[in-house]
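Shared between the two complexes below is chain A, which has chain B as its partner in the first and chain C in the second.
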Partner chain A sequence: MEEEAKKKKIWALVIIGFFALVSALTYAYSDYYVYLSAYLWFGLIYGMCLQYGRFCFASAFRDLFAVGVPRMVVGIMIATLFFAFVSSFVTATGFSTFHPSPSGIHSMIAGLIFGIGMVFAGGCASGSLYKTGEGNGVALLVILSISVTQSSFADLGGWLNKLVPASWHASATSKKLPAVINAGDGWLDQYLAGYVWNHDKVTFAKLLGLKNESIFGAFGGNLLVGVIIPALVMLIVVYFFWGRKGFVRERMKEKGAVSFSDHFTGFWRMISLSKRTSIAGLILGVACGLQMFVIEGLRIKYGVRNAGEILTRLGSDFGLSIQGTVFDPGYWYVTTQEAQWVGWVMHKLGWNNMDNIFFGYINGIPNPALNPADWMSLALIGGAAIMALLNNEFKFKKPTMELAIWAIAGGFFMGIGSRLGLGCNVGAFFVRVANGDIGGWLFGLGMIGGAFIGVKFFNWWTERKMAKELAGLEI
Partner chain B sequence: MAVKFEKKEEGVYTLDCVGYVCPHPQIYTKKMLEKIKPGEILEVVFDNPSSSESISAMCASNGNEIIERVAEGGKYIYKIRRSE
Partner chain C sequence: MDRTFIIVILIVTVFTAFLIGYSVPPYIEAGVFSGRKEKGVESKIDKTLEQHYKDLYKTDEE
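Here is the complex of A and B:
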């Protein structure tokens, strides 16, 4: 057994060595690759943090509703608070890469669909990436399902056009997008250009009449009002309904009564109960904020606004959008690059999927080997693998038929939710909330509702299955 | 492959969730703990690392005691005594 653990540690070093070699060799070829390497190393940090803290957004509300465990809600709120603090600093200094997205009821509906999906799949978008790094075949299947669903959904028209309200169609065509994009054809195109883009981009700073880039706007509006207060309210609600139960029982045994001040101790105990999750949340939050700072710094250094210009300078202009851009968020993101690599494969197989807004007008379908966001996701998987190997937790697991069905169904719902919400649990929730975008909380509220529905279904399913399994067992 | 429930001996049950991912191990553990009698022991076998955190936190919250934890080569065996 010790021999096996030793081998795993060697594999961890091999993975680190591989990423270091990629960075060194590509840098030797052209220093523009530093831009891609920056994404890579932040991805590696994210993967290590996620695996170390068993950091999965799906488990936050699923475990709360299903088994009464607040561990992950606490972890996410810690990560969000630290990310928001660093983001506020980065925003106030003018180095932020974040742009708020249009918010509305669609954010909540998208979150609801995504939330159901993440419970079915057994992991959120980022959770599935890190679990793939642990050798989990089910998680890999979830990624495939999310990727294929998004990529197809981005370009589907035909009979789906009949489901588009006339007002969306009229509004989409009135935007005068380039003819090659054909914004009046395709469900997602008309949803984006005819509905989503008509909504305001609202941050808490803006709501208070402050500028995002000002100190008061970034720290007072987006951080204090947009993150600290709602996060505290959420943690207090979670403590009241779930966290205090165990604490109160213990205190009653010890002292026979629980005073109001005892609850401060109980609240702190809930926060510090899972040190791994809290530590991972802290590092993750700081790293997320720093990534924005580093990417913006590199953009200034190279005099570019988007990685599309870097790819062009590297001689790879295939798959750029009509605006010459590729997906280059400048911060942690998961689902768009998953859609892109499948989009690239489908394009190579003959599917013309560049005549839509998602690929053709905004994100492109660059070669995955040169896609900065793909470098981040692959390194995230690698980082999780390193951590799992070092802790002797790496294990290849083949999906069973039952788990494969859950994975594909969950990935499908997450794929649809991601495109409707303009991101997943990371891009549409975590990043947006931490940067004061109201739409992030709306997506989050939807995710909570979706997790609740998903858990109800899951409970029904497992009860049914257990009744069969336990039929002959005497308890 | 399916989740397996067995009576190992009087008052001791096993729940084998090997191969299962979140949330299966923690949900089945919770349901089995609700079914066995106070004082009885449930031995949970699983290989999904994140379930270890969730099961530990669930037991801490419900007062069930984890009397033994074994983690080896990506496989976990937790012996849990149901609280009164």
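Here is the complex of A and C:
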């Protein structure tokens, strides 16, 4: 047993040694690779934090709705508060790389679809990444399913075009995008150019008539009004419906009555129970802020606005969008790079997927070996593996047929939800909420609703299956 | 604390510190931390390419 633990520690050192070597060798080749290494090392930190804090939205809402345990949901809210504080600081100092996205009812619908998917899959987008690092085969299948779904959905037209409202088509074609981008063909293209882009990008600061980059805008508008107050309301709701039951029972036994002030003690106890997720959230928040700072500094150093220019200077201009760009958020993101690597493979296999908005006009399909965001995701899996190996929690788990089907179905819904919501539980909720984007909360509300539906469906399915099995036994 | 974990944390800290250190000088050069009124550095973006990108947005009527 001890020998096995020792072996796992050696493997942890091998993984981190590999990433260190990649960074050192690529830097020796060209200093432009520092830009990619920045994504790599912050990705590794995210992976370590996610594994340590068991940071999974699907598990959090499943625990809450299925068994009434609020621990992880509370931890995620605390993590969001920490990240929001760091983000506000970064925004106020002018280093932020965050850009709000158009928000509307579509954000909520996208969240709903995503929420159902993450419960089916047994892991959200970020959760599936860190669980893959723990050797979980089901999580790897989820990632594959999300990736293939997104990549295909980005380019599908044909009969799907018939489902596009005429107003979207007219609006998309009126945008006069470059001729190589066929905005009038493809469901997602017309949804983006004909519907989503017509919505405003609203932050809480902007709503209050403040500038995002001002102290009042960043801390007063985006942090206080946009995160602290809604998060507190959510925590109170969670305490009222799920957290207080056990506490009240305990107090009734002790004192025979529960006063209003006792509930403050109960509320605090609920929060302090999520220590591990909260610590992970604090480090995640600081790391996210630092990544923005580093990426912005590197952009100034190289005189670029996007990694596409860096890839061109490195001699790799394949797969750049028509604007010369690639996906380069400058902060933590999960799903777009997953779509990109499958998009790259599909393109190599002969699928022309560069005439759509998602790949051809905005994100590109660069070689995964040179894609900054892919470096981040791979390092995230590596970081999670390191922590799992060190804590003796790493184990290869082969999926059963039933779990594989749930994983593929869940990944499909998450893939669709991600593209409709312009991100996943990280890009469309965690990062957006923390930066004061109203769309983040809309996606989050939808995601909670979706998780609730997913849990109820899952319970119904399991009970039905058990009833059938029991009936079989009776015969 | 576990020795392997300390080594991992040290390696992560060294590389992250390098990245932060690497990105600070550009900010100083751009005058972000100074009282200088006009902040920013000279862009190395090719002017012809910049015009090409601008032209992509031109409508047929223009």
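What to note about this one:
Simple rule for what comes next: the second predicted complex is superposed on the first by the 465 of 475 C-alpha atoms of A that agree within 3 Å, B and C clash if a C-alpha of one lies under 4 Å from a C-alpha of the other, contacts with A are read in each partner's own complex, and residues count from 1 in each chain.
Assume contacts are C-beta pairs under 8 Å (C-beta built on N, C-alpha and C of every residue); 3 or more make two chains touch, one makes a residue touch a chain.
It should be emphasised that the depicted structure is a prediction, and the values quoted were computed from it without experimental measurement.
With chain A as the common reference for superposition, the partners chain B and chain C occupy compatible, non-clashing space. Looking at the shared chain after the overlay, A:Gly68 reaches chain B, while chain C stays out of its contact range. For chain A, the partner with contacts to more residues, out of chain B and chain C, is B.
Judged by the touch definition given at the top, the superposed model places A:Leu298 against chain C, while chain B stays out of reach. Contacts of A:Ala379 after superposition: neither chain B nor chain C is touched.
By the touch criterion stated above, A:Val148 is placed in contact with neither chain B nor chain C. With chain A as the common frame, chain A serves as the apex of an angle whose CA-centre rays point to chain B and chain C; its value is 140 degrees, to a multiple of 10. Within the superposed three-chain model, A:Arg54 lies in touch with chain B and out of touch with chain C [touch as defined at top]. In the superposition on chain A, A:Glu4 contacts chain B only, with no contact to chain C.
Overlay on chain A (Cα): least separation between chain B and chain C is 17 Å. Comparing which residues of chain A touch chain B with which touch chain C, the overlap is empty. Looking at the complex, you find that chain A touches chain C at residues 9, 12-13, 16, 20, 23, 34, 37-38, 41-42, 44-45, 48, 94-95, 176, 178, 290, 293-298, 300-305, 309, 322-324, 386, 390.
Against chain B, the residues of chain A that register as touching in their complex are 1, 4-5, 51, 54, 56, 58-59, 62-63, 66-71, 119, 122-123, 127, 131, 134-136, 138-139, 242-243, 245-246, 249-250, 273-274, 276-277, 388, 392-395, 397-398, 400, 402-403, 458-459, 462-463, 465-466, 469-470, 473-475.
Chain contact summary for the complex, chain B toward chain A: residues 1-7, 13, 19-24, 26-31, 35-37, 47-50, 52-54, 57-58, 60-63, 72-75.
Residue ranges of chain C in contact with chain A, taken from their complex: 2, 4-5, 7-8, 11-12, 15-16, 19-20, 22-27, 29-30, 32, 41-45, 49, 53, 56-57, 59-60.
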